[in-house]
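The structure is given below, and queries will be raised subsequently.
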Amino acid sequence: MNHEIVTLNDVSVSIGGTKILEKLSLKVFEKEFFGIVGPNGGGKTTLLRVILGLQKPTAGKVKVFGRDPAISRKRIGYVPQRLFFDRDFPITVSETVLMGRISSRGLFRGYGNEDKVMARHALETVGMAGLEKRQVGGLSGGELQRLLIARALVGQPELLLLDEPTASIDPEMKTSIYDLLDSLVKSMTIIMVTHDTGAISQHVSRVACLNCRLGMHEHGSITKEELSGMYHYPVDIVKHKGED
Amino acid sequence: MIEIFRYEFMQNAVLAALLASLACGIIGSYVVVRKIGFISGGIAHAAFGGIGIGYYLGINPLLGLIPFSLFSALGIGLLSKKTKVAEDTAIGAFWAAGMAVGVLFIGLSPGYVPNLFSYLFGSILTVPRSDLLMIAGLDLFIVLVVFACYKEFLAISFDEEYAEASGVPTMLLYLLQLCLIALTVVVLVRVVGIVMVIALLTIPPAIARYFSRNLLVMMVLSSFFCAFFTLSGLWMSYIFDVASGAMIILTAAVTFMIVAAGKKLSGNN
Amino acid sequence: MLFAVNLQVLYAGVKKDSTSKTEAKKMRVVTSIVPLSFFVKQIGGEHVDVTVMVPPGANPHTYDPTPGQMTALGDAGMFVKAGSGIEFELDWMKKFTALNPHMVVCDASRDYRSRTMQGHGGDHVHEKIDPHFWLSPQNGILIANNIERCLATLDPQHKIEYAENRRMLEVKLGELSVEITQKLEGMKNRAFMVFHPAWGYFADEFNLKQIAAEKEGKELTPKTMQQVIGQAKKYDIKVVFVSPTFSSLQAETIAREIGGVIQPVDPLSGDYIDNLRQAAEAFVASMQ
Amino acid sequence: MIEIFRYEFMQNAVLAALLASLACGIIGSYVVVRKIGFISGGIAHAAFGGIGIGYYLGINPLLGLIPFSLFSALGIGLLSKKTKVAEDTAIGAFWAAGMAVGVLFIGLSPGYVPNLFSYLFGSILTVPRSDLLMIAGLDLFIVLVVFACYKEFLAISFDEEYAEASGVPTMLLYLLQLCLIALTVVVLVRVVGIVMVIALLTIPPAIARYFSRNLLVMMVLSSFFCAFFTLSGLWMSYIFDVASGAMIILTAAVTFMIVAAGKKLSGNN
Amino acid sequence: MNHEIVTLNDVSVSIGGTKILEKLSLKVFEKEFFGIVGPNGGGKTTLLRVILGLQKPTAGKVKVFGRDPAISRKRIGYVPQRLFFDRDFPITVSETVLMGRISSRGLFRGYGNEDKVMARHALETVGMAGLEKRQVGGLSGGELQRLLIARALVGQPELLLLDEPTASIDPEMKTSIYDLLDSLVKSMTIIMVTHDTGAISQHVSRVACLNCRLGMHEHGSITKEELSGMYHYPVDIVKHKGED
């Protein structure tokens, strides 16, 4: 459990002149359930995009599985916070979930039967069985969110990046998703961005707080047990669950 | 009616219609779901610049056609992705620039210059046998590439960022897709003319979309619609003795309006 | 594009009558442009059935033959082409002959003395053959001869009739030539301005000076415009002749600039003889 | 250089360039942010159908131009909103159908038919005084309407559903916006030709967008760019003795590519 | 407090053949803080869209302020669950907030100074002061959500429809938004869709549960005090806070 899965070294990101992340260093280890909290606009989504290599850092080094993010992508599952898509695009729920299997298949190979079974299973897991043939553009907010989770799970990634996975998910499903994540973390590493303070205290093993202003901690249920000195100003690391 | 098939031109026209329908159905579906109906005109007119340069340099202008249209497709793709310009703007810029380059080089070419525009215009009734082979080859190529990259094309068209995050070479595939479109456009423009290509890449897939929301089914359906419109348009143009291209387009457009209106009236929203 | 644009046709000539079965005995002749069909009709008389390929307002953007035209082409024994390099033929001849390889192609311009295009007298070294050869009575006689020969070869049965028809036509054309020459006698100012330089052969035959605004069919540049206006002023020109159905925007601009007017003359009329006479009268009036 | 301005055609060209720039800047900005660069070609070619019908009926074809283009704009708007077709598809359908109708009616018209296509090819060097008045009138009309409905146009372009939910008559305003575009297109097509209209409605706003992300500023900037390109293109076409329209477009296109590349290289993403 | 603001009578909605709402009847009264809960895909968003007149019911009657929804629109503020927009669209945060004032201004009239002051104030309320000049396409998930709330508030509506307003909002801002809503309900009627069970129990006066399956109630903190007989099967009404 001491493998470094994600290593950020003095990473800075600025877009169009505004600094979003500044000299951020972070290590996430194998089979950790790592939480990221922080105020809106704190840079959490940007951080995940840096780990995926979708956002190039202005400065600093990023390693995922010890290599360049762009190379390690196929081993990562990702639930984006928002999906910018064309509502009219003709694509069904099951086709979208299958996209999660794309990295396991090369060119010239369509999705196999196995892929389809896994896709159906993933949809069942998020309670979307029966909606396979629905158009993605017509889904409700929560249904879409569930779909995104299923798509990330179906690829059986080694590292799972979740950006507020339970936003607009109903309480019942929320609970079962957290239960699922708890069982998954035995076989993979999970990094989750969330504003759900309850989930942080119950499920997550370590928490980083991005750009937290002081007020934040008062409301949240995070107990600031330990502030790791190895991170610079904008990140606070809080340990939980007495693990490690 | 049957007598007309004695003529080679009619046999060729029917074959051209059928072969073109396959390419139009497949590529048109991508064009419609990506909302870049503009691209057929854009690539054809951008390629005109290549013809002008070719003429000026004394090369056979037709030789410049396919490379230049591929180059325009790549230019459009790179301009829109790398510098974050909307695709339609990039297409418009290439459209206009290509035409301008063409006109300028024609102006610079000494002497009386033939009508270079005509390289971009054809008529379905005048397709020679050799061109049929060319479209058949194109069809085969398109079917193979789309078969090989179907799931990737779907992924990059719908959610490019996720495809990128899954390790799919999105830029490459996007450019490949544009090149397929460009090839289809140049080849079909030569054979059936620019106006018909705009129509056939737009209307049949738009109708197909009313009947299926699956891209693959859309492709198949719009190939069928395309074949139906071209054949029935041909037939009507024979009956009424009017221009074939115009009749084919009109058949397609009228059907489209009827289907759209019908769906609107019968639909419950 | 600018050239093919002014190939206009009497659409009526294209209509069904040319394809119906009852006239099967007649020889089917297709011509590329309307003036040629005049000659074929005159010489072939009742033994030929003429169809014109080029549709009205032909432009490659829209040129699209009807199945009727194409069947006429498919049944045609003979295709009469201008052969002088008109754009429509450059664009489409290959396709037409490919679709009907057995068709005899008759070159109406065989043995003609070509002239080179004179632009507006600019500095261009490279010149191209002027394709509008049919627009002079002398060349009309040549066309008549060429067509007669083709018809006679293909249909020797009516050879004598064709020769007789040609002779009558020749007489008429000769008279026309004389008539025009007389009209022009004693004119000091012998320059007229056309937008599109279609009347070069005509000008040569009658010792006139054609000043063309358009240079090699290309879009006018500001400098060309300046030069053309200068030339018009130099020759005291007040009329700019345009093809009747051609976009006249540029010609209008020149006319405005010189305080003149535009006036249509038709290079593609089917009424060949009367049309040349009217054109000559128009030129004469403009030069007075 | 100065001597050329003695000529009325050059004075008119400069005035036309300046007047057209205002309309192009304002309307082009809407076209670019709505991503319907296609529309200028679409409306111009759809209007061609009107010319054909007008000719067939023996009416002055130009009389049919403005009503028919407005009708096409309304058709495109209704087709795309009422039956949920993407705008570009609706435009493509009208484009093709308009051309087809035009060609058919020309074919049906007896006797001589003018080359109706020439209506689509104007040149900035041939603008008569009367047309200047027409563009000035159009400018005034556009400025007034955009001034009156600026916030509504912004709202419906960005978030139509919210505008609808706020009680804004979105359909009406959308159609009004399309009609403004249509008017601009027809008038400018008459004056400077279809190719230049495509270019001027696309390139200057696309460049302006690199410098401002405010729609109003975009409009002002792109009007300036437009004026700059037309004037410097005119000047260069005089200096190098080449076609004015092509030179103007090329100036604009090259500037666009340079700015895009520059922004790409200097930008930090 | 007995004015009926929203009245739904046997409203059914189906889209493309699937029934989304069936024979739904509902009354919301003046100055109520009315909550709507329910599982994902339960039809909550659809219900709000029906009230706004954006979705035509297949059957049944809808009255808002006693009139047709389309007429009453100008008096309603709306926070949509999701915004489908073009990320490249050149529009700033302050221009977007000003859209909320559009119904107060006629044609021919630009936004006045007053509007701008109100917009700035609304942005301050949601903690977005200083981001006025930012492009909407570049906002983070939470920032966008805050913006949508500000836009709905700035119009000073008489009826406020909120569709999961606090999804992806950080805990600190969440609290202050609920506080704000509590104070606003003194002068307006609020209908809020939410999955936030904590908020339901603390702030809302009455709750309707749309299409609730039984499981839902176990997890949520809703106590099913009273099930009003006037509503048909798929809607449960639960009263809270002992009011009324």
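Letters are used for the chains, namely A, B, C, D and E, taken in the order the chains are written, and counting of residues starts over at 1 for each.
FYI, a residue touches a chain if its C-beta (ideal position, glycine included) is under 8 Å from a C-beta of that chain, and two chains touch if they have at least 3 such contacts.
Heads up on the chains, UniProt names are A, E = ABC transporter; B, D = Metal ABC transporter permease; C = ABC transporter substrate-binding protein.
The shown structure was predicted, so the numbers you read here are calculated from the model rather than taken from an experiment.
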Task: Could you find the chain whose CA centre sits the greatest distance from that of subunit D?
output: A
Query: Of all chain pairs, which one counts the most C-beta contacts?
result: B-D
Of all other chains, the one whose Cα centre sits farthest from subunit E (ABC transporter): C
Query: Cα centroid separation between subunit C and subunit E (ABC transporter), in whole Å?
result: 75
- request: Could you please state the distance in Å, as a whole number, between where the Cα atoms of subunit C are centred and where those of subunit D are centred?
  value: 37
Statement: Per the C-alpha centroid definition, the whole-Å distance linking subunit D and subunit E (ABC transporter) comes out as 41
Field: Separation of mean Cα positions, subunit D and subunit A (ABC transporter) [Å, integer]
entry: 46
Statement: Among subunit C residues, those touching two or more other chains are 55, 61-62, 64, 66, 218-219, 221
- request: Enumerate the residues of subunit A (ABC transporter) that touch no fewer than two other chains.
  value: 15-16, 84, 88
Message: For subunit B, give me the residues that contact two or more of the other chains.
response: 35, 86, 103, 107, 195, 242-243, 245-246
Task: Mind listing the subunit D positions that touch subunit E (ABC transporter) in their complex?
output: 33, 35, 147-152, 154-155, 157-159, 161-168, 209, 212-215, 218
Task: Going by the contact rule at the top, pick out the subunit B residues touching subunit D in the complex.
output: 32, 35-38, 41, 79, 82-83, 85-89, 91-93, 95-97, 99-101, 103-104, 107-108, 195-196, 198-199, 201-203, 206, 242-243, 245-247, 249-250, 252-254, 256-257, 260-261, 263-264
Message: List the residues on subunit A (ABC transporter) that touch subunit E (ABC transporter) in their complex, please.
response: 15-16, 38-42, 45, 81-82, 84, 87, 127, 131, 138-143, 145-146, 163-164, 167-175, 195, 197, 215-216, 218-220
Statement: Listed in rising order, the residues of subunit D that touch subunit C in the complex are 4, 7-10, 13, 99, 102-103, 106-107, 109-119, 121-123, 125-128, 234, 237-238, 241-246
- prompt: Any idea which subunit A (ABC transporter) residues touch subunit B in the complex?
  reply: 52-54, 70, 73-74, 76, 78, 80, 83-86, 88-92, 95-96, 98-100, 102-103, 105, 107-108, 110-111, 135-136, 151, 155
